[in-house]
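Below you will find the structure I want to go over with you.
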Amino acid sequence: MGFEHREEHIDEGMLLLQANIDDMNPELCSYVGECLFEAGANDVYWIPIIMKKGRPGVMLNVLVDESRLERMEEVIFRETTTIGLRYLRASCHRLAREFKQVATPWGAIHVKVGYHRGRMVQFAPEFKECEQAAKQYGVPLKQVYDEVRRLFLNGEKHSDML
Amino acid sequence: MGFEHREEHIDEGMLLLQANIDDMNPELCSYVGECLFEAGANDVYWIPIIMKKGRPGVMLNVLVDESRLERMEEVIFRETTTIGLRYLRASCHRLAREFKQVATPWGAIHVKVGYHRGRMVQFAPEFKECEQAAKQYGVPLKQVYDEVRRLFLNGEKHSDML
Amino acid sequence: MGFEHREEHIDEGMLLLQANIDDMNPELCSYVGECLFEAGANDVYWIPIIMKKGRPGVMLNVLVDESRLERMEEVIFRETTTIGLRYLRASCHRLAREFKQVATPWGAIHVKVGYHRGRMVQFAPEFKECEQAAKQYGVPLKQVYDEVRRLFLNGEKHSDML
Amino acid sequence: MGFEHREEHIDEGMLLLQANIDDMNPELCSYVGECLFEAGANDVYWIPIIMKKGRPGVMLNVLVDESRLERMEEVIFRETTTIGLRYLRASCHRLAREFKQVATPWGAIHVKVGYHRGRMVQFAPEFKECEQAAKQYGVPLKQVYDEVRRLFLNGEKHSDML
Amino acid sequence: MGFEHREEHIDEGMLLLQANIDDMNPELCSYVGECLFEAGANDVYWIPIIMKKGRPGVMLNVLVDESRLERMEEVIFRETTTIGLRYLRASCHRLAREFKQVATPWGAIHVKVGYHRGRMVQFAPEFKECEQAAKQYGVPLKQVYDEVRRLFLNGEKHSDML
Amino acid sequence: MGFEHREEHIDEGMLLLQANIDDMNPELCSYVGECLFEAGANDVYWIPIIMKKGRPGVMLNVLVDESRLERMEEVIFRETTTIGLRYLRASCHRLAREFKQVATPWGAIHVKVGYHRGRMVQFAPEFKECEQAAKQYGVPLKQVYDEVRRLFLNGEKHSDML
């Protein structure tokens, strides 16, 4: 469920790796993403772009700590068709995050809460757990989400009043 | 320069062919487009889409008269990797169009004019000719465009006054 | 706030108008959309596409009742640069919809509710009203949304129990 | 592995369902797709679009036999936030397809072959099997693909010569 | 109408803030943009991206002077659902710009002119003013644009000749 | 055919130039790209974005050595409508690359090979040469590609065995 109780902080030494790809079977993209996450990427995403001669390519983006640059390059050159990549320095500001539990008709489900300067600014039901509840109980996934959010907020309201 | 002096009309018997492609080298796209135009397509364009398992694919779109369906299919199956395609019936409304000449510092350049119910509603400098003038005379292409449009409109204003 | 208390129904005689545009200043798009809505379009949306010679164009899409085809064409030829358009027949399935009021700390806010075969399947706070509350009271818009949703669901739960 | 040995054919009675969605958590998209495939969709894909007020929405597309329209609608209204959808008639041209086996250093892997008017026009290694081989043997996925394609073509060349 | 008569210059201390968002109602995007502009953003734009598990997300981009980083973060964490963001250093090269007036049949309309090394390289009619003229006088917006451009260029030609 | 036999290396002093454009005729894009490549750009690509007021714009991206910044700016201000641009520092990691020849039924075709730490990780048939062969011999372009790849790999296998 990701990192819990982390302090809000800024990582100065992050890199954003980018590779423009116009000659790879797009079927490979999700597998490439998995390999990069396994090798320690903080985030992986794809941007549809238009390349030389109007080719509809994709730009692979990998956000990663600079200490893992080599490992990422190894995966990118091994698993994609690119013959080069670039990287830019980035700083990442990450909120403090904490997991809270909500009791629902479909069992306990976690909510990831984000704090900026000590104030709760975000809360998000854990996708995997909601999805599993939806499948197991035959409930629409959006209803599970809504219900977890409602119960979480009801709980917050209640504790406000104490 | 396309069809001149055509009447405004509606073609009822057009087809929109579509094929979702997620396993083809995107380098091939422009070549596929050329082959389809040569075989009689009225228009060819690509839409970035997200396919099964989050794959960043492209959807090939071909607008064509139904009489040329087979020829298009021949090209699509031959030149792309798709194992199926779909087509939808469409009607095309095309404006009357006419080419007029504008005398510019870089020679005569054509302007395509479109008429809806007899009234001029569109005018567009011919791209190829503007591009060639820009290259030959070392002028920014946007300046050639702007100048052709200005001169065309000046001419229209003048003839309005007669 | 759109149509209230309508029955769930299917409109068979709808048209989807499409025009590929690669030579228009994109600044015009939002204005074009407004004009089409004013002239009776049911929906207007834009799709980024890749056109001939790799040009990054946009495809204008207008969903409209076939009785308003001419009015739409008038606007499209008048306000965009296209010299042709196409249309495809479509059927629209629309849920029964009803507006309910929710009392919030920022005044009453409407929720649009959708019914499929008599069962509530959708509910959505009215965007305009939430936005206005957020601005007036200096509350994050997402918080207004969440609160309206929570209060609406709490009310539904309560009435379930009666 | 999909349908084998099917004849090339055209399905006239297909529908393309579309719903523009600008108020749904995008996390839900992949789940929605899975539900639709399970309920009998032939294809599901998403197109990034720009909706009213410049909202970056997505258009859900479902290709399905008209006999399954109701089942699809049930899923779409249940699992997405849309309060309406549209459908257009489409014809699907599907190639004859057959699965052949290729012996590789990582075990037998299937290749899906497509025939247009009796001539082989497509061949594609089965993604799932290649992915599994890549994971199990620690080989780059692209190398597995290339090797399956090479071995398949070598086999075809050989049988040509007999 | 933005800054007038500014000298062409380079701002070294700019930041490009980015946040990938896959769990926010896209309806919120335009409001988020407005809040960021009000808080001092130089530019705000959105890029459609494909995130983990094939989710169609959007990347928020904010270009801003580094002195306003905190204010931007405050808005982003408050108004979006992200629990982190990144920023990259950027330098901005801005042309000298000046506003000139053009007398048109619909009143005076401004044209923003851009200079690179003292030479006029850009000119653009003010969108808001053109839009207002189009609405007030019932003229196509594109025609207002074209006419402002024509009249501006005619004036420039004339002054060239003096 | 690009640079041959180059060593794998990292260029630290690269710049990524970006300009958001929402008021330019998209027809100009390919011409702008050509001008930038001629003036020494390492890469040029376009990203569809959503700008202020929901305008569907494009972001021009130019990757270039910092020594050529001024030349690029000259072209961008001259050939596009932007009144500003930004640049970010980037490092480019480029593989060693080498061209090998493959004898095919349609004559010799080159394959660009990429090496990471001395190991071949990429190989790609030269697009231009494959395209020319496809046109000259009336063979599907994808078949030319596949055949070049097959023959190249057969050759590699053979030399492995010696």
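The first chain written gets the first letter, and so on, giving A, B, C, D, E and F; residue counts start at 1 in each chain.
One rule holds in what follows: a residue touches a chain if its C-beta (ideal position, glycine included) is under 8 Å from a C-beta of that chain, and two chains touch if they have at least 3 such contacts.
Everything numeric here is computed off the predicted structure, so don't read it as measured data.
Common partners of chain A and chain B, by the touch rule above, are C, D, E, F. The chain pair A-C and the chain pair A-E differ in C-beta contact count, and the higher one is A-E.
Computed centre separation for the pair chain C/chain E is 26 angstrom, with centres defined by C-alpha atoms. Each chain gets one centre point, the mean of its Cα atoms, and the points for chain C and chain F are 40 Å apart. If each chain is reduced to the centroid of its CA atoms, chain E and chain F end up 30 Å from each other.
Chain E has residues 23-25, 27, 29-30, 46-48, 50-51, 53-58, 78, 81, 88-89 in contact with two or more other chains.
On chain B, the positions that touch chain D within their shared complex are 20, 23, 47-52, 54, 57, 59, 73-74, 77-78, 81-89. Chain B contributes residues 50, 53-56, 146-147, 149-150, 153-154 to its touches with chain E in the complex. Chain contact summary for the complex, chain E toward chain F: residues 14, 16, 29-30, 33, 37, 43-48, 58, 61, 63, 88-95, 97, 112, 114, 116, 121-122, 124.
Taken in their complex, chain D has these residues touching chain A: 24-25, 27-28, 31, 48, 78-81, 127, 131, 134, 140-142, 145.
Chain B makes touch with chain A in their complex at residues 22-27, 29-30, 46, 48, 51, 53-58.
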